[in-house]
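Given below, in the form of structure tokens, are the structures.
Okay, so subunit A shows up in both of these, paired with subunit B first and subunit C after.
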Partner chain A sequence: MQKQFIVLILLAVSSASQAGGMYQHPDAFLTAAFDGKAPKPKFIWFTGDIGKSATTILNHKPASLRTRYWLKEKRSVWVLEEVGKEKPITIGIIINDNRIEKIKVLIFRESRGWEIKRNDFTKQFTNAELSNDGKLTQNIDGISGATLSVKAVTRLSRLSLYLHSQVTKNNGR
Partner chain B sequence: MIYRSTLIALCFGLAGYAHSSEDVEHLHQDIEQVKTQYLEMQQRLDAALTAIEEQGKGEQGKRDGHGTSGKTYVGGYGELHYNNLDNKTAGGSDKEQIDFHRFVLFFGHDFTDKIRFNSEFELEHALSKDTADGSNGGEVELEQAYIEIDLSESSSAKAGVFLVPVGILNETHEPPTFYGVERNNVEKNIVPATWWEAGAVYTMHFDSGLNIDTAIHSGLLTSSSSNYAVRKGRQKSANATANDLAYTIRLKWTAVPGLELAATLQHQADITQGTDATAGSANLIEAHAVWQKGPFNLRALYATWDLDGTGPASVGADEQTGWYVEPAYRINEQWGVFGRYNEWDNRAGDSTDSEYSQIDVGVNYWLHEGVVFKFDYQDQDVPVGKNEFDGFNLGVGYQF
Partner chain C sequence: MAAKRRLSLRVLLSWHRYIGLGVAIIAIHLAITGILLNHTSDIGLSKTYINNSTILNWYGIQLPDQLSGFKIEDNWLSHWNDTIYFNDHIIAKSIYPLRGAVVTSNFYALATSEEIWLLTIDGEIIEKLNTPAEKLGDIMLIGIQDNSVVINTEQGNFRADKDLIAWQPVTKNKLNWSQQELVPNELSDLLFSHGHSISWERLLLDLHSGRIVSTAGTLFVDLAGVALLFLAITGFTIWTKRRRRT
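Coming up: the complex of A and B.
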């Protein structure tokens, strides 16, 4: 039986070089979103009312002073991070005319809840909008054992919809 | 005279015009200089902010880390319980007590993007005294301490002390994630949660939504003195006897959002680790479903042990079985209500009355997604002569 332990551990160590929790590099997501012609990035600052609204949506202050986005006409792309249970999840979000066009989990670092990367989960967000009370207009069914990761993705989807409304309202500041 | 005055005025005017033109030129130069300085300042500000943000994120793009590398993580959970239970059995003592049941700290560290450490350190019942006979009421426990290695995008391995992949609550038991003040008695007595062992796990997950965990780990050590109850057999990885290891496999399917179907099988060659010639191998079968659709949530679990040997059979412990079903309704983000029916029997192998059942109804109030207040009422039905506790429980729990 001890041999089985050793074999399993050796297998793990020898295979470690193939590892990675990155499902898609943020740059690749951006390139794909704009068919290889991504516009120059802009920044939106978490100051004033925008900062207050972002804090309300996230349930905490944003981790940075500003965030980068890419805007072309009515489409914007956001690469955002939010902690699920203990570690940040990196998510790419495309907003098109105030609706979610696509959400993709780019980097997942938690030890549980990998299921949020699956298309069956993320496609629930497609076409979701922000309601007047700041919630999503579509119900999102969760994943057992990954409640906090699901909530993190939901918060970021709401934040990106809100930020999109702000940058398109102000013609991209 | 008029002509001369006009000429003088024109000269002064031209001179004045010439003076203004120079000013305009200087003004243009000043504006260009200010624009250049503004752009330089903006570039410097961008560079400084980027540097600050990158510093905050650490090398791997991870925020909220601690320690000098920014790759060490701290988390935790805890729960305070108040039990007000009447003992319906004649001569039995009521249970009215307040207890900080669990205070838990998580520590994790990322050595690289692919190699990490996770741990769970727990103080139970708020106090652990060093007494000669160990009778102190509390425990300090190391429930998790393992190295996890990502082998590929869809597989990983763990080595160390880990939570056995079985049941609904065993791996995910932070108070805001479940209904009821106390953890349900089926998972407590049959699974038996919280259950951790030392060994290794290999995990594969597939895009089809299938997740497979295969584990080799230390096993239980039951004895006749406790009627071979599996919960009493947990060695908690503390100088654990390892004459006979255990093998666990779990299949979990989560292809449909909101739905989890899972089954665990475990085999141990000798559940007494060779200390009891009348006992032998043990097999666990556990299956559960979790279904969340909108505000509705349903949990159902069944688990059963089959213990070989005349020893366990002589006290009916050759079969230890339990199940529960728990419908719940989330009224809004703050409030949720639930009901649960539980049955469990650690001596189900004979015809003796040894079955427990319990009905729970209650409410959770989430002040924040990481903070929950709980209330529930329980009504038990127990074997003759055993303590039957009916009453209510209050609790507050948190996780971060």
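Coming up: the complex of A and C.
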């Protein structure tokens, strides 16, 4: 009984110690996404219809007037930020042919909800597309105690899919 | 058999009484904070911010005597309580310290230790840029030289290209760095009175959950919860046993 109690305490301490921090620098994510040969970044401005759609997806005005992206053929990389509860979470997203190839939590600054960095959570987004009504085509299971962080990641995944469709629509896509 | 049952009832009553007495204050505390939490929006506690310095100190927020910032043209950029302000408006949250701000031909550029933000002249964020901190180290200073943004980092001085993507080392020693100044009192007083995010709702929530005294408090409230559960079960058991006896 005593041993079980000690194990429980150790588990609680170890889970608390995993919270928050920079898991991967955005540059390192970008370098890895393009095997060290990242293209020059381009900008997309949140103005006009793009701004309106981004506001609808995020449920608020985007935090900046423009964002950078890196595009090579059908693949684009986005490093986006969204507030979970109080502080911004930085997410790296790779879109390939209008599907999510990979999502990674790069910087987590909130005190709770860090569980979203786990692979078994982010893997749920792999191959998700944007449906006609602007939702993800795949169901994303939430994480108890990390609801706001989960919602933030989901919003950013939808936003990146939408932005990808906008920046590639003139490429015969 | 009856004597044994009486003994077990007496033991149960005794435990029920002592645990009940022990947990009574916590139960009152949980009830009061719980009721208030249910109505925080109705009584405006979610939007009322604490100004009591003792409570703010408890949360690690200390109101400084004076606030430093950076003046660009007629505007002040300052950083307090993980928030960056453009005059009295919040631009965004930032856990990284503000290192300076400069005016370029097209925008304002602000540097934290990790990032560079491009701002419009109205203080709206155009874009947040991550500098290659892994290569250059933390930003210490930001300045302007020949219309280019320059930064001083742990690795030396660097000049940005026009898109602020590539950074080249600068050998020139004398560069014009953004200088920190004291923010006027009227502005700092205004920021201090509104500039933190500890609302009465947050305090109530932390009191209710025990989080106000970190993990120990949470565990204590958990234990109180278990004790209340014990009281409910023993209360029901005692009532059943007494009913049987009568």
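Points to keep in mind about this one:
The rule is short, and it goes like this: the second predicted complex is superposed on the first by the 150 of 173 C-alpha atoms of A that agree within 3 Å, B and C clash if a C-alpha of one lies under 4 Å from a C-alpha of the other, contacts with A are read in each partner's own complex, and residues count from 1 in each chain.
Keep in mind that, in the parts below, a contact is a pair of C-beta atoms (placed from the backbone, for glycine too) under 8 Å apart; a residue touches a chain by one contact, two chains touch by 3 or more.
Computed from a predicted structure; not experimentally measured.
Contacts of A:Lys40 after superposition on the shared chain: subunit C is touched, whereas subunit B is not. By the touch criterion stated above, A:Glu81 is placed in contact with subunit B and with subunit C alike.
Of the two partner chains placed by superposition, only subunit B is touched by A:Gly145; subunit C is not.
When subunit A is checked against subunit B and against subunit C, the one touching more of its residues turns out to be B.
Contacts of A:Tyr23 after superposition on the shared chain: subunit B is touched, whereas subunit C is not.
By the touch criterion defined above, A:Arg118 reaches subunit B but does not reach subunit C.
Contact with both subunit B and subunit C is seen for A:Arg66 once the two complexes are overlaid on the shared chain. Shared interface residues of subunit A, touching subunit B in one complex and subunit C in the other, are 12, 16, 63-66, 81, 83, 86-88, 109.
Considering their complex, residues 1, 4-5, 8-9, 11-13, 15-16, 18-23, 59, 63-66, 81, 83, 85-88, 90, 107, 109, 111-112, 114-115, 118, 120-121, 124, 139-145, 147-148, 151 of subunit A touch subunit B. The part of subunit B that touches subunit A in the complex is made up of residues 49, 53, 56, 60-64, 73-75, 106, 108, 110, 113-116, 118, 148-153, 155-157, 159, 168, 171-172, 176-177, 199-200, 202, 205, 207, 209, 211, 216, 245, 254-258, 260, 290, 292-294, 368-369. Subunit A meets subunit C in the complex at residues 12, 16, 25-28, 40-41, 43, 63-68, 79, 81, 83, 86-88, 109. Of all the residues in subunit C, the ones that touch subunit A in their complex are 82, 92-93, 95, 120, 124-130, 132-134, 163, 165, 197, 215.
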